[in-house]
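A, B, C, D, E and F are the chain letters, set down in written order, and residue numbers restart from 1 in every chain.
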Amino acid sequence: MLSPALETSAGGFLLVLSIVVPVAGVLLAFALGDRYVRLVAFTVVPVGSTIAAAVLLVLPQNDGHLAYLLGAWPPPLGVALRADGSSAVMLATTAIVICVVAVFAASDFRPASGNRRAPFAFWILLLAIWAALNTIFVGGDLFTLYVALELLTFAAVPLVSLEGRAETLQAALRYLLFALLGSILYLMGTALFYGLYGTLDIVLLSHRASAEPGALIAAALMTTGLLAKTALFPLHLWLPPAHAGAPAAASAILSGLVVKGSFFILLRLWFNVRPGMSGFAAAQFLAALGAGAIVVGSIVALRQERLKLLVAYSTLAQIGYLFLMFPLAFNASGQLESGQALAGGLLQTVSHATAKAAMFLAVGSIYAGFGHDRVTGIRGAARALPLSVMTFALAGFALMGVQPGGAALAKELLLQETARTGQWWWAGVLQVGGMFTAAYVVLVLAHALSPPDQPVALVAKPPRSSGLAALALALCSLLLGLLPWEPYLPITYAAESKLFGVEALVKLLVTVFGGAALAILLSPWPHPLAFSAAGKTIMHLIAPLRRTCIGLGSLVETGDGVLRQWSTASISLLLVALLLAALMFVAN
Amino acid sequence: MSSVSVFGLCAAAAVGLGLYGLITNPQPLRKIVAFNLLGSGVFLLFGIVGRRGAAAGVGNDPVPQALVITGIVVAFSATALAIALLLRLFHAAGSTTLSSRAPTSPRSDPSGG
Amino acid sequence: MTEFLTAAVGLILALLALGLVSILRGPGDTDRMMAAQLIGTAGIAVLLLLGTVTGVPAAVDVALILALLATFASIAFVKKGLSRLESDGVGSAEDK
Amino acid sequence: MFRAASFLCLWLVLAGANPGDIPAAAVAIAAATWTSLHLLEPSSSRRSLVAIARLALLFLYHSVVAGIDVAGRALNPRLPLHPGFVAYPSRLSRGVRQNVFTTLTSLLPGTVPAGEENGHIVYHCLDVTQPVLDDLAAEEAALVRALYND
Amino acid sequence: MNFARDIMTIACVSTGAFFFLAGTVGLLRFPDTLTRLHALTKADNLGLGFVVLGLLPQAGGLRDGLKLMSIWMFALLAGATVSQLIARTVRRSGAG
Amino acid sequence: MSIATVFEVALAAVVLGLAIWTIAVPETYSATVGFVAYGLLVALIWVRLDAVDVALTEAAIGGGLGGVVLLGAAARLRDAEATAAERPDRFTRLIAAILSASIAAALGLAILILPDHAPTLAPVVAANAGATGMANPVTNVLMAFRGMDTMLEKVVLLLTVVGVWSLASDRAWGGRPGPHHEADPHGVLAFLARLLPPAGIVVGIYMLWTGADHPGGAFQGGAVLASMWLLAIMAGLADTPPVSSRWLRFILVAGPGLFLVVGLGGLCFGAAFLAYPVAFAKPLILGIEVAMVLTIAATLALLLAGAPERNA
């Protein structure tokens, strides 16, 4: 998938620019000071987006990959930047999300207002995250990826605590400490790889590496470190408070983009460094953790009173979704293949990045409008803040797999792969996952759409530009399935053909009604449904069942609380590392 | 036993100790210290790797050395950021515990966002 | 010659370890303030000898850095110790 | 000028005399001298090189004697210690001069300056039965001859 | 000539090691912080001095020798000032 | 066992003993003191491994400045120790111990079974030294072969500054970082702070300069300069500049900024991004290093000082 050539290709300088432009923005914004940060950011954002678009254009003309040798030093001595289809897709996604968030935040983080600290930090950190992500997407060297990963962490952590309240500070500290644990595990693996093969270049490693014990230990350690940074269940202790505590624009970036950085490195490690090394058993284990994330994340999300926490837990569940593709990507000879399953996973990543960012922005507007974000207190939101509720709805539809969203296409691809490889159980998980997503989307919409007891008095009216930007992002996510993916990802499936069939409609209805049932059964809050007469009867009929389900849910929530304690989470981290290593040894 | 094995085992032990401290020490500051210990163990690992790769005229492979120098600086930055967060947390909350579950309990303060 | 110097390094290192045990054992924090000072002298001695033994002339530069930074750490030890004593209500001559 | 020369010496000792180093050396010396003048104003008193040399020798001699003294006490099975505080009335003005004096005397056998009280410098002594005050007075006289002979 | 240099090195380094030994014994045996401070600063500084002296004949040239001496001077200056600071702190805190 | 091995085992034992002390001692202040000692002694291991560049960095940043950061926090957080959560129960500790030991064992095993042929880039680095005109291979790797990593790592440092500053209260924004130090201007501390920094400056610049051909470089020099500046600050002879100061900001971005400009120059006029024309390689790299030493010194000192607390 990555270019095997060890020389700079024609448009390679674009890769350099994609890193250098945001970095220059960071430096310039810092030097110019408080008053000009936003101006610098608004200059850099269009330039950076143009570069991402240029990469998209140039890539197909170069057989689908670009390479650039920094300083003209070929690996293993020097560092190469490389891009393939997946890099280009991620570059573009990042550019889009950053653009939207910048427009959304333009009014929130105005340097002219009395508080100059938050804008200063926000805009610089935004650009820094962009630089870090671009480096991750085009970096061709495991250590460069490590530096980029740290850059990402160091930019993300202060965003969490931007408001300076005690709980956000605590969340930021937990995030930082756990992320550091993850990156140090990654670094351990890097050291072993260098000791074994004398290079850290991904392409060279893919030629040299074999499934020997040292390499397996290294791969297990690195995988675990990246899982900790991606917050895959049960290593998610830091995610909910961090993503829920940050300002809306920051949450959108953190949830939509930042966790994808470490995930992307994980893909590079598994699919590029040594496809044959990471065995089938280990992939099953990863997917099992992902399934656990879907179930636990969704159930706990349904039990949250605060909307931002609900969305944060939904991120947890969606991250689990991303890992389902690992066991589906094996070919007949037991090697990981960069085929349809990987394409589905990446599509899922893109779809989640856009939809979740839009969702957080919408929730941020609702929070700003109501002055709180309790799920039970947003009745009437549909009338008071139609734009935000619509954004939430569209993003939710995209997430749960409504055609022609990216998630729907990804799901179809993965379902095909389950059929091909005969792993029917993952097909079940995929369907249930969609239903769970529908559950919390339906829950929130039911509250937002139901009429209020008294007229809603908004605390503040969010600016129209912010709302429109978020809506555009949600729409973008919902239309992903219509885009031509072939030049970048190996997708042969035609989404358009099944757009309006009976089959699609049935699937949609099953998902929505399943989700509604789950929402009624699992959410402990009084339902808007219960206020109508018919609803009351239904609620009465299912009361015993609902009590049992809520009991189960509370059990899951308690378990989640235990898992999110520091000692439990870090012990799980080590356990995951050891289990992964053991499974890899077994497979080889 | 060569110097590589001696210091290699030393590095592995430092990693183990650091991990243990990171998990079990309740105070965040001690976790940060343990992280530094863990980090130095990993850096020593690079040193071992580089020492094995010593070539004529060079006592230690310069590439791992350069990586370690970068790593030390990053670890120092991490320490500084974590300490600043910790001090600010202490200032704001009067305690430094990490174990509070308040932000996610269902009936948390609605003013939080 | 090399054997002799290596043995000397080992001896001083062992003494350094013993000294550290005694200092870190306490009983008070004021004892612990001496740790960096101890390393500043014994550590430099070990480094200089080691540099000669292994033929690494640049070890002298490490010793130089160690001398400066150990001094700095010692000052920080004392200064932080002082600020704590102050907060305990014990004034000090060095800090107003 | 004297300071610049001493920093030049330090540079030469560290880096050696190499024509290629001149720009770096110049920068280093200039920065160091500027900082030094900024931090510590030059004193106006006359200095005698001979007396400084004598002071240095005395200083070395004292540190040797001090080391032997402590070593003897530490290795003596009876541990002959009579620790206590002694106040010494110094004639030197407070500030740099007194600091130079305390720094030098911290290397005298058996004494460590431990702050001041009522204008007297308080010394902690390993053995208060020794003629500590006389030694201190002699040292002070040597110092005044060397550096602060106004 | 070489032999004489080695003899001098051995003698001086041994003396230095002896002083380090004495300093460590002092650290272990002396009763309180201030007396231990004496042991640390005086004996160890002298030990370092002798080690430096012993290494002078092995040094490559005059410059290397002077470099070693300057490191010792740094260590001496640090020891002399830091010991005063620690002594002050100890006296003020009443632990001495 | 040869006498050298005995020495190595002794060194490893001392270092490990300190590591155990650091983890096991109940009191935080003691643990940080132990860590400073540990950091300074690890520098000895690095010398023994013939990695003097790293030894310098470890002594300066790992043990010295890093230890001081921890120490300062330990002193300020003393009161918090009592309120901190209690230790995990015995069972948890046992599991943690077993798992940590397994990871350490796996790692130890992985080191011991590393292949005999020991792949290395050292000869390649040596063969390409001519392209930069510098004899120190580590500087060559940092500044030329892996220049991108070095530049990004400078950005990491800058971001850390942003992160630390962002923790200031809104009121103190633009003010001076860290607490105000007041010390007796006639005291011993002030005396040392008047004497040592000039000599330290010479040493710092020497470290930078010698880094071209011998072990040393911008980090090590920067760390020395930073510690000297902090010494003067702690003695009350200097103060941290307010964070809104334009000069300060300029110095903080000078290093990575110049790196970036030179890199872009390579992209526009030369072979590639971060490629130095052979004739100008040494002066260009030295220029970048001079800017970096200033940046590093300022950054490290400000990171130790902390978030803005006082109005300018």
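As a working rule, a residue touches a chain if its C-beta (ideal position, glycine included) is under 8 Å from a C-beta of that chain, and two chains touch if they have at least 3 such contacts.
Computed from a predicted structure; not experimentally measured.
Undergrad: In this assembly, which chains make contact with subunit A and also with subunit D?
TA: F
Undergrad: Could you split the other chains into touching-connected groups, assuming subunit F is not there?
TA: Take away subunit F: A, B | C, D, E.
Undergrad: Among the chains, which is located farthest from subunit C on the basis of C-alpha centroids?
TA: It is A.
Undergrad: Which two chains have the greatest number of C-beta pairs in contact?
TA: If you count contacting C-beta pairs, the leading pair is B-F.
Undergrad: For subunit A and subunit B, what's the span in angstrom between their mean Cα positions?
TA: 26
Undergrad: Round to the nearest whole Å and give the separation of the Cα centres of subunit B and subunit E.
TA: Here subunit B and subunit E have centroids separated by 34 Å.
Undergrad: Approximately how many whole Å separate the CA-defined centres of subunit A and subunit C?
TA: Using C-alpha averages as centres, the distance is 48 Å.
Undergrad: Go ahead and note the Å separation of the Cα centroids belonging to subunit B and subunit D.
TA: The answer is 41 Å.
Undergrad: Which parts of subunit B, given as residue numbers and ranges, touch two or more other chains?
TA: 15, 19, 23-24, 32, 45, 48-49, 52-53, 59, 63, 67, 70, 74, 77-78, 81, 85-86, 88, 98-99
Undergrad: Mind pulling the subunit A residues that touch 2 or more other chains?
TA: As it turns out, subunit A has residues touching two or more other chains at 143, 147, 150, 154, 157-158, 161, 164, 169, 188, 192, 195, 198, 567, 570-571, 574.
Undergrad: Indicate the residues of subunit D shared as contacts by at least two other chains.
TA: Residue numbers touching two or more other chains: 10, 14, 102-103, 113, 115.
Undergrad: For subunit F, which residues count as touching subunit E in their complex?
TA: 188-189, 191-192, 195-196, 199
Undergrad: Hey, which residues of subunit D end up touching subunit E in the complex?
TA: 10, 12-14, 16, 63-64, 66-75, 79, 81, 83, 85, 102-104, 106-107, 109-110, 112-115, 122, 124, 126
Undergrad: Which subunit B residues qualify as touching subunit A in the complex?
TA: Touching subunit A: residues 15, 19, 22-24, 28, 31-32, 35, 38-39, 42, 45-46, 48-49, 52-53, 63-64, 67, 70-71, 74, 77-78, 81-82, 85-86, 88-89, 92-93, 98-104, 106-108, 110-113 of subunit B.
Undergrad: Going by the contact rule at the top, pick out the subunit C residues touching subunit F in the complex.
TA: Subunit C residues touching subunit F: 3, 6-7, 9-10, 13-14, 16-17, 20, 24, 26, 29, 32-33, 35-36, 39, 43, 46-47, 50-51, 54, 56, 58-59, 61-62, 64-66, 68-73, 75-77, 79-81, 83-84, 93-96.
Undergrad: In the complex formed with subunit F, which residues of subunit E make contact?
TA: Within the complex, subunit E contacts subunit F at residues 74, 77-78, 81, 84-85, 88.
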